[in-house]
Every structure is written in C-alpha cells, then in structure tokens.
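Each of the two complexes below includes chain A, the first together with chain B, the second together with chain C.
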Partner chain A sequence: MNFVTHTQLREWLGGLMAERSVIAPQRLQPDLVVYRAVDSTDEIAFDFGRAALSPKEFFLPATEAILTIERVRQLIAGDDGEAQPDWQIRLTDHELTRDQVLFAIRPCDAHALTALDALLLKEPVDAYYARRRQRTSLIGLACAQMGPTCFCTSLGFTPDDRQGMDVMLYTVEGGYALEVLTEKGQAVTAGLQSTPYSERLPEREWPPAQISVPPRSVWLNAFNDPYWGELADRCLSCKICAYVCPTCRCFDVRDYTVAQAPGYQKIERLRCWDACMADGYRRIAGGHNPRPEKAQRLRNRFYCKFEYYPADFGPLACVGCGRCIDNCPVNVDITEVLDAVRARS
Partner chain B sequence: MMDNPYVPYIGRLVDIQPLGTGIKLFRFQFDDAQLADQFDYRPGQFAFVSAFGVGEAPFGITSVRGVDDTIDFAVAKVGTVTRALHEMRPGDRVGLRGPMGNWFPLDEIKGKNVIFLGGGIGGAPLRPVITSILHDRDSYGDMTILWAARNPNLLVFTSEYDTWRQAPRTQLHLTVDEGDAGWSGNVGLITQLLQQVKPSPDNACVIICGPPIMIHFAILELQKMGFASEQIITTLEAKMKCGIGKCGRCNVGEKYVCLHGPVFTHSEIKDFLESFV
Partner chain C sequence: MIEQLRVKAREILENKTVDLVIGYEMGTRGAVRPAFIRSPADVDRLVWNEGCTHNLVTYLRTKRVPAKRGAPPLRIGVVLKACDARALNILLHENQLPRTELYLMGVVCQGMQEPTRPQANSTSGLSLSGRMQLRCQACSDRVPVVYDVLFGDSSQQPTQAVTGQRQSELEMELQRLESMSTAERYAFWEAEFERCLRCYACRQACPACYCAECTAEQLDPEWVGIGITTPEKRFFHIMRAFHLAGRCVGCDECARVCPVGVRLDLLNAWMRREVQRTFGYQAGLDATAPAPLTTFRPDENLKL
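Up next is the complex of A and B:
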C-alpha cells in the first residue's frame, strides 16, 4: 500500500489527461455531482458522497451509434444490357479511439459493472461494452460514510469494497492510501509519485444490514400476489428507476437517417437505454402484448433484479446504491419491496 | 468486424413471392458466397433481417440447409420493418444476423409419429421441419399436418400442399376461421379440427406454432387427448432487439426466448413463472 498526497494525486491525474480520457466526478450544482470527461483537475470534485448518476453511461451510453450504414447507388449492367441502379451497403463499426480512466468510482458502481460483465461479456460478447471495459481503468474511491438511501451492506457489500477495481484509494489523514490491484492498475499508476504507507487502514464499523433478499421460494410464492397491483397503482411508468440504475441495461435499437442525397443515404443504427416499465416494451408487431398490465411490468423489474438475473447470469442486478429510491417521484422504495415480498412468505 | 455480433452480413433478396394476403416469402443470398457455407442453421432457428434505414427484426427461417440454396423468411406485413421488406424488389440489399436460438429436436423424435399444428404465419417455422422430415421420410412415423388460418387467403405455403399430401404416410388437414366463396373445406378453429382428426398420443409428438392464444388452447386440448407435456413442443415469438440475450426484451420470467428458446417443450413452459400468452 502506498501513500499519496492530494497534490501528488492531482499531478498524476493531470498527467494522465495527455494520453487518456479522464472521467471524474464533477460538481454541476451544489448538490449535484455526476461523472464527466474532464480536461483539468480543477473540474474534479474530490469531496463528494455518491454521484447522482452511476458511470454506467461510459460503458453503455444512453444513446450510442453502434453502426454507420451507407447506401450508395451504383450503375451496373442488367440482364438486358441496360444500366441498372444497384445499392451497395457499406458498414462502419464504431471503435473506441482512446483509453479511459474512470476516477473515483464508488464500490457500489464497480459491483454494478461486475454484474453487467456477467451478462454483456458472456458469449456472444457485446462488442461495444467489451471494448469500453477493456480500455477503461477503474480508480476506486472508498466511501467515507453511507448515504441516507444507501443499502449496500444489506446486499453483502461494504462501502470500502475494492472488488472490481484496478486501483483503490482510501481517504486517510493528509491524503490517500492507495492500493494497486491489477496489471491495468500498474500501467495507469506508472507515473504516480508516492511514498510507502506503513500504517494499517482504520477499521471501519459499517451500519449493519437493514434488509435481506428473500430466498427463491419466497419470490416464487409472491408472484401472483395482489401486492404488485397495489404497488403499481401509484407507479407512473416514468422509467427513472431504470435510467438511474447502475445495473439496468435493457436497450432498444433503431435506425436513423442522418444524411441523404441523390444516390446516397447515411444511416446510424442507434442503441438507446430502454426500460421494462414501458407500456409497449414487449408488444410485438401485430399488437399482442404479453405484459399489458403496469403491475406485471413493475413486478418484472424486481423479479429481474433479485430472481431472474441471478438465475440466468449469477449476480444480483442490484448493488444497494439507493438511486432509484432517491429519484422515484411516487416513493416506490426497493427496500420496502424486499420487505413486502418477505412478509408474503 | 466479424467478432461483433451486431454487425449484419450483407446480401440480396434474390426472390420475393406472395404467400397470402399481406404475406410474402423472401429469399436471401449472401453477397459473399463463402458465408453461405458457414451459415449453419437448423429448423426452428431464427435470424434478424435489416431493412437498412428502417431497422431490423427477427424472423424464423423457413428454408432448410442442404435442401434450399437460399435463406428464406415468410413475413407478414404487420410493423415498420416488415412494411419496408414488403416494399422491396428482387435484387435489393438487406442485412442478416444469425442464426440464433435453439432448434426443433429432429433427431430425438425419429421413429415417432409427428403431428403439426400451424396457425397463420405460425406455419413459417414449421415448414423447415416438415421439409426436413420429407427428405428423411423413412426415419419418422406418420406425419399429420393441421394447418389453420383466419381465412383462406392467409393459409401459407399452399404451393407445397400437393407435395405434402402425396408424401408417404402424410396427411394434411386445413381449416379456416372464416371461409369465402371459393372455400369448401373445414371452417372452425384448429382445436375443433384437432378434435375431428383425433391423433393418437401413442409414440407421437406434436409441434405447434401460431398465435400465443392458439398455442395455449391447443395445449389444453392435447392434454385432454392424453398427450404428455414432454410430447408437446412449441416455438414462441417475442419482441427482440438483439437476439443474443443482451437487450432484455424477450424474457418470459427467467427464460429468454432468444437464448433458451424459441423452441420449448410444454414440460418447460408449464414451469414458466410468467405466462407466455
């Protein structure tokens, strides 16, 4: 373990910006911190709790062009010898051009990437997500305390967990204790000035678990409970819970024509975040909708997080960050849902 | 680019044939002939077809590898991508991603009598199974095809009916919900036709595809007739955006239609937490 002063840390981050994109927490308003690509360490918020949005968008952007498609008209000789138009298709894949450093990612958001990896890096690998993961180093920053809606300790995590990080930072007297955890972490810290840290990290007592995830048998029993209808009564299907969720990854894919001229059409195939709360989410062409009720869709959200995702891919699709609780306009609280499901056993 | 499952192969619709009112058969050929050899698919699998500029959608493949030299899709005009495909002309270029999903257990059902229940465009994914059995006729028992549609103009693959009828130990029964002036055959639901034909469950299996509600009632009827869950095989349809288990759209409970299906036995379906209907 090494020790770095705040000045050494800033100098190192500034130096990284020459060759890499540095993504770091930025304070946009007094109470609003989000991750943004920064050009100077002056833009970085070093003292913050949990960012309003997870850094999910740097791995799975809210909207990204996954393919550029060009249709180009050429003239070819037809069967009768006459020239005929023939539309050629050119496809351009979208590669990431620079390495990224994600500074001050919190342990819950790193757990969320581990959860997303289980799905998106499984064969066949999601190429766009994989490239971003491969080219991004994660510099973790342990939380000083749990926020009012945080519940990571209820899911078996801790606010100073280093799992999934390449480098981990702990705030200590006079600077940071720093731990390099992977080869990627070694490469990214090559230019960092530091001194050995010989002290032991202070032992932290985190608040105990407040809730727990009910076992599978309870979920299976609760599936047809009227509770889901009661809960859905107040849900607005606004989807904010999915958008702020660091593990929600459902997406839509659509084609948009971005340029057109005689004999030429340029199309971008866009992938955008979507959410299972949307009315038409599962509706098929022709009109049939296997999940027409709001209650069914809201239920799917919680079953996906705690039952389907673990069954299909391993990890829970919830890391206890509490952002959905902060943002729900009608106070649907995921921890209350877990309690309510358990109460139905 | 080929390590990216979102990048489609490019090819042409070399032939487009009407199959019924608002239904066409599209025959696809790769621009790169080598890809045709590599594109290894089996009856029941599906692929995404791109109408560039409009989008892409999944369709069951109706052709049979080694029998047909094109990759075929039967497409009903019901949405934006299908409308764009219906406006295309032979020679137009489209994209293809696949093959995706699992397939019908053609090896496991060898020696059995096979009963098909096809409803409307749901006949599309059954056609390659029927064709495969016809090309290996001796390996299977009797084949009974129950083919239904809302009206006579929506009965698909009519040009193959004579071949099916003339094949050894093969029967074809048709029904429509509503007849027309030229129709003298059965009128009624496929479940009524099933009661009339009364296939025996002995050494048999049933393969169903159609609208979800048809699948639901057909299964109830088959159970009454003594068919066990493991004898009933179906293929499900779902909204999809990726076809490879990432986009999240096609889950029925913890099962993904694209990853775990689209072919499921009733033994699996009856344990689904969420209804597929």
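Up next is the complex of A and C:
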C-alpha cells in the first residue's frame, strides 16, 4: 500500500486529463454532487458523501448514438465512361474516443457495476456497455461513514469494500492510502508520485445490517398480496427511482433522421434510458399494455431487484445506496418495502 | 385540530359520504407522505403539520376510477390547503372532477417548510428543516378558496409568510432573472434544463398535468424524440410551462419533487406573473371565471 498527499493526487489527476477523460464528483449546488467529465482538478468535489446520481451514465449513457447510417450520393464512372450518380450507404459504429478514468467511485456504485456485468457481459454481450467498461478505470474512494439512507451493510457489503475497483483510496491522516488492485490500475497510476504506507488501515466497525432481504419463497407467495396496491396508492409513476438507481438499466431504442441535405441522408440509432415505472414502458404494438396498473409496475421494481435479477443472473439488483429513498417524492422506502414483504411470510 | 379532522374523516367514511379519504400520514425517516384511508379504523393515521406539502389534488382523477369495471366512481374526501384548493378549482373549471362527488376538508395553512433529506431508519417522529418554503413565504392565503368543512383557526396569523411589507425571496429571484440580459437568462435556463433527467416527476406530481398522452411522449406524430439531451428537455419544460400558463396555481410540487433541483418554480412563477400582468388573472381563485387563455372576447384589447 502507498501513501499519497492531496497535492500528489491532484497533480496525478490533472496529468491524466491530457490523455483520458476524467470523470469525477462535481458540486453543482450546495446539496447536489454528481459525476461529470472534468477539465481541471479545481472542478472536483473531493469532500462529499455519496453523489446524488450514480455514475452509471458513463457506462450506460442516458442517450447514446449506437449506430449511424449515412446515405451519400456520389458520382461514379458508368459503363460508357460518363459520370453517374450513385447512392452509397455507410454504417458507423460509435466508439469511445478516449479511455475514461472514474475518480472517487463509491463501493456501492462499484458493486452495482459488478451486478450489471452479470447481465450485460454475459452472452449475448452488450457491446456498447462492454467497451465502456473495458476502457474505464475505477478509482475507488472508501466512504468515511454511512449516510442516513445507506444500507449497504444490510446487503453484505461494506462502505470501504474494494471489490471491483482498479485502484482503491482510503482517506487517512494527511492524505490517502492507496492500493493498486489490477493491471489497469497499475497502468493508470504509472505517473503517480507516492511513498510507501507502512501503517495498517484502522479496522472499522460498520453499523450492523438494519434489514434483511426476504428469501425467494416469500417473494413467490407475496406476488398477489394487496400490499402492492396499498403501496402504489401514493406512487406518482415517475421514473426518479429508476434513474437514480445504479443498477436500473432498461432502455428504449429508436431510429431518427437527423439531417437532410441534397445528396445526403443520415439516420441515427439512439438508445436512451427508460424505466418500468412509466405507463408507456411495456406498451406494445397494437396498444396492449401487460402492466397497465401502477401497482403492477411498482411491484415489478422490487421483484426485479430481489427476485428476477438474482434468479436469472446471480447478484441482487440492489446495492443499498439509498438514492431511491432520498429522492422519492412520496416516501416509497425500499427498506420499508423489504420489511413489509418479509412480514408477509 | 387534527383530532377534529380525524373525527370528521371517521364520520364521512362511516356514513358512506365518501369511499376514500386522502390526507397525510407519517412515513419513514421523519417524512410525511400522502395517506389513503378506506376504513374508519385507520383514521388515526392522519396527521397535520408543516411537512404536509404534497398537493393531494393530483390523485383525485385517478383515484375516482373504481377497481371493478362498471362500478360507480369513488367519492373522495380530501385534505386541502389554500394552494391545493386553487388547483382543485382548475380541475373543476376544466370539467375533470364533479364537485358533488368530493368532500373537501379545508385546513388553515401556516405555510409549509422545505423538506429535509430523509433521516436514518431509526428516526421516529417528524423531521423538518425549519426553513419556510419560498412559495409559502410569498403566499398570504391561509384559508382555501373552496371547502366543505374547515379545520384550524383562520384568525391565526401566518408564522413566517410575507404579508406585503417586504418582497418575498421568490420575487427577488424573478427580478434577478428579469435584470439579466437575454443571453444570460438563456444560459441560466440551459444550465437548469441540462441537469434535468427527464424522469417526468414534475409532470407526474402536477395536478394540472393530466393529459392521457403527454405531448412529450406522443408517438404519432412524435413531437419530441426519446433522447435525454438538452434540446428535448428544453422543449419539454418550455412546452409544459406554456400548457400551465394561466392554469398553474404555484403549489410548486414540480420543483419540490425534482431530484436535481431544476427551478421549475421560477419558470412557472414567471409565467404566472405574465398572466397576471396581461389579464389581471390569478389561476384557481374561482372555478367558474373564464380562463384567459381559453376564452376569446371580441372586445378584448390587451395592448401587448
């Protein structure tokens, strides 16, 4: 383990910006920290709890052009030697132009990426996610404490967990203790000035689990419980919970004509966030909607996280970050829901 | 006061005046949340305090729909603050709700506080920020404009609300916007819209946003693409502001629910002021007065 001062850390991050895009927490408002691509270390919020939004958008952008189709009219030589117009079709795949460094990702958000990998890196691999994942180094920053709505310890994680990180930072007296965990981590820290850190990191006693996830049998029995209707009474059917969630990953895809000029046509295929809370999410051709009721959609949120996703892909689709609790305008509290479902057994 | 409200709620549920009472209850982590009471035995869940900020009128249209197809619509008792009552008048005016099927439990409002961040799970009791909401600072209405029964002492003075002596913070913010150059103001709004997640919480929380199909999500024709980038978000917010002009009552639920703090309260306050200046009209005061933007008067000369 090595020791870096705050100044060394900043110099290193500043140096990385020349070749990579550096994504770091930025304070937009006194109470609002989000991850953004930064051009200078002055823009980085080093002192923050947990960002309001997860950094998932750098792996699954809210809007991503995944394919461009261009139709260009060119003049080519015909059989008789005369120039003739011809239409050429060009397909362009969108690649990242630079490697990404995600600075100060919290352990819960790294767990969320591990959970997403179970689905998106499994055959058939989601190529767009995979290449962003592959070209991004994760510089973890251990949490100093759990926030009021955090419940990662209830799901078997800890706020200083290094799992999934390439480099891990722990805040210590006078700077950071730094651990390089992968080859990618080694490559990205090549220019970092540091000194050996000989002390042991203090053992932390994290708060014990506050809740437990009900076992599968309970979920299976609770599906038709009137509880879901009661819970959905106050739900507004907005998409806040899904959009702030680090593991919600659903999207919509549509093709758009983006420019029309004589002799030139361009179509872009956009992939954009969508969420199962919204009325239109499951609507299919012909207008049928298999989940027309708000209660069905809200129930799906919790079954997806704690029953379908683990059954199909392994990990839970919840990491205990508590963002949905922070942001729900009508106090739909995921920990209360878990308690209520368990009480139904 | 809350005891009287609970007694009345129990009474109207027991004598079947209503099928459902919508009010407020304590949630988790010190939060207040909307409560849906169907049984007289549950009325003790109802609370009234300075965290009861939600505009419950939002729920009325959908909650009237009976669970069983063909059954009569539900009759609903609802707790109303002054701002909520103005929102109700908008829906009554637009023939979205039958007045006779509603039982309106008006409450004298002393202003609502800014919500706090949710507290730790162990928290019991109410958690309030201690700061009066901007909209409440600018509001001097204590008593709802429409109600069937009123709870609270209407002679009570507002706790913090501005009573005309000094300018409210909201007005000062509007003036700050007005004093900007067009380019500065454009930059301000671009930064606001850029943050937006297009989660539609503002629209979902808004009592006046009730279209069966929102223009922002219509597929045929598709006015706005599915992209979550500034042009789509700008279009959505400006369109919504125009659809609310002359209808927005300033409950500011849109701004409260926004996870990234987009200043929709300012956008709508700006439009409200334009409507006030142009037509001398304030939305929601009267369910029968003609609405300025849906009324054509041949003799009208706005001197715009």
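Quick note on the criterion: the second predicted complex is superposed on the first by the 323 of 345 C-alpha atoms of A that agree within 3 Å, B and C clash if a C-alpha of one lies under 4 Å from a C-alpha of the other, contacts with A are read in each partner's own complex, and residues count from 1 in each chain.
By definition in this document, a residue touches a chain if its C-beta (ideal position, glycine included) is under 8 Å from a C-beta of that chain, and two chains touch if they have at least 3 such contacts.
The model shown is predicted, which means the values in this text are computed figures rather than measured ones.
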item	value
Touched partner set for A:Arg162, first chain B, second chain C, both or neither	neither
First, second, both or neither for A:Arg106, with chain B first and chain C second	neither
First, second, both or neither for A:Asp255, with chain B first and chain C second	first
First, second, both or neither for A:Arg133, with chain B first and chain C second	neither
Which of chain B and chain C A:Tyr308 touches, first, second, both or neither	first
Partner chain in contact with A:Arg36 - chain B first, chain C second, else both or neither	neither
Which superposed partner A:Arg282 touches (first chain B, second chain C, both, neither)	first
Contacts of A:Arg50 with chain B and chain C, given as first, second, both or neither	neither
Touching partner for A:Asp86 - first (chain B), second (chain C), both, neither	first
Touching both chain C and chain B, counted on chain A across the two superposed complexes	252, 254, 274
Residues of chain A touching chain C in the complex	28-29, 31-32, 34, 52-53, 62-63, 148-149, 151, 210-211, 230, 233-234, 236-240, 242-244, 252, 254, 256, 270, 272-275, 278, 280, 325-327, 329-331, 333, 335-336
Touching residues (chain side chain B, partner chain A) in the complex	1, 3-8, 10, 52-57, 76, 78-82, 91-93, 95, 211-212, 237-239, 241-242, 244-254, 256, 259, 273-277
Chain A-facing residues of chain C, complex	27-29, 31-36, 54, 58-59, 63, 117-121, 195, 197-201, 203-205, 217, 225-229, 253, 256-257, 259-261
Chain A - residues contacting chain B, complex	66-67, 69, 71, 86-89, 91, 93, 119-120, 122, 124-128, 220, 223, 249-255, 257, 265, 267, 269, 274, 276, 281-286, 288, 290-291, 296, 300, 303-304, 307-308, 311-312
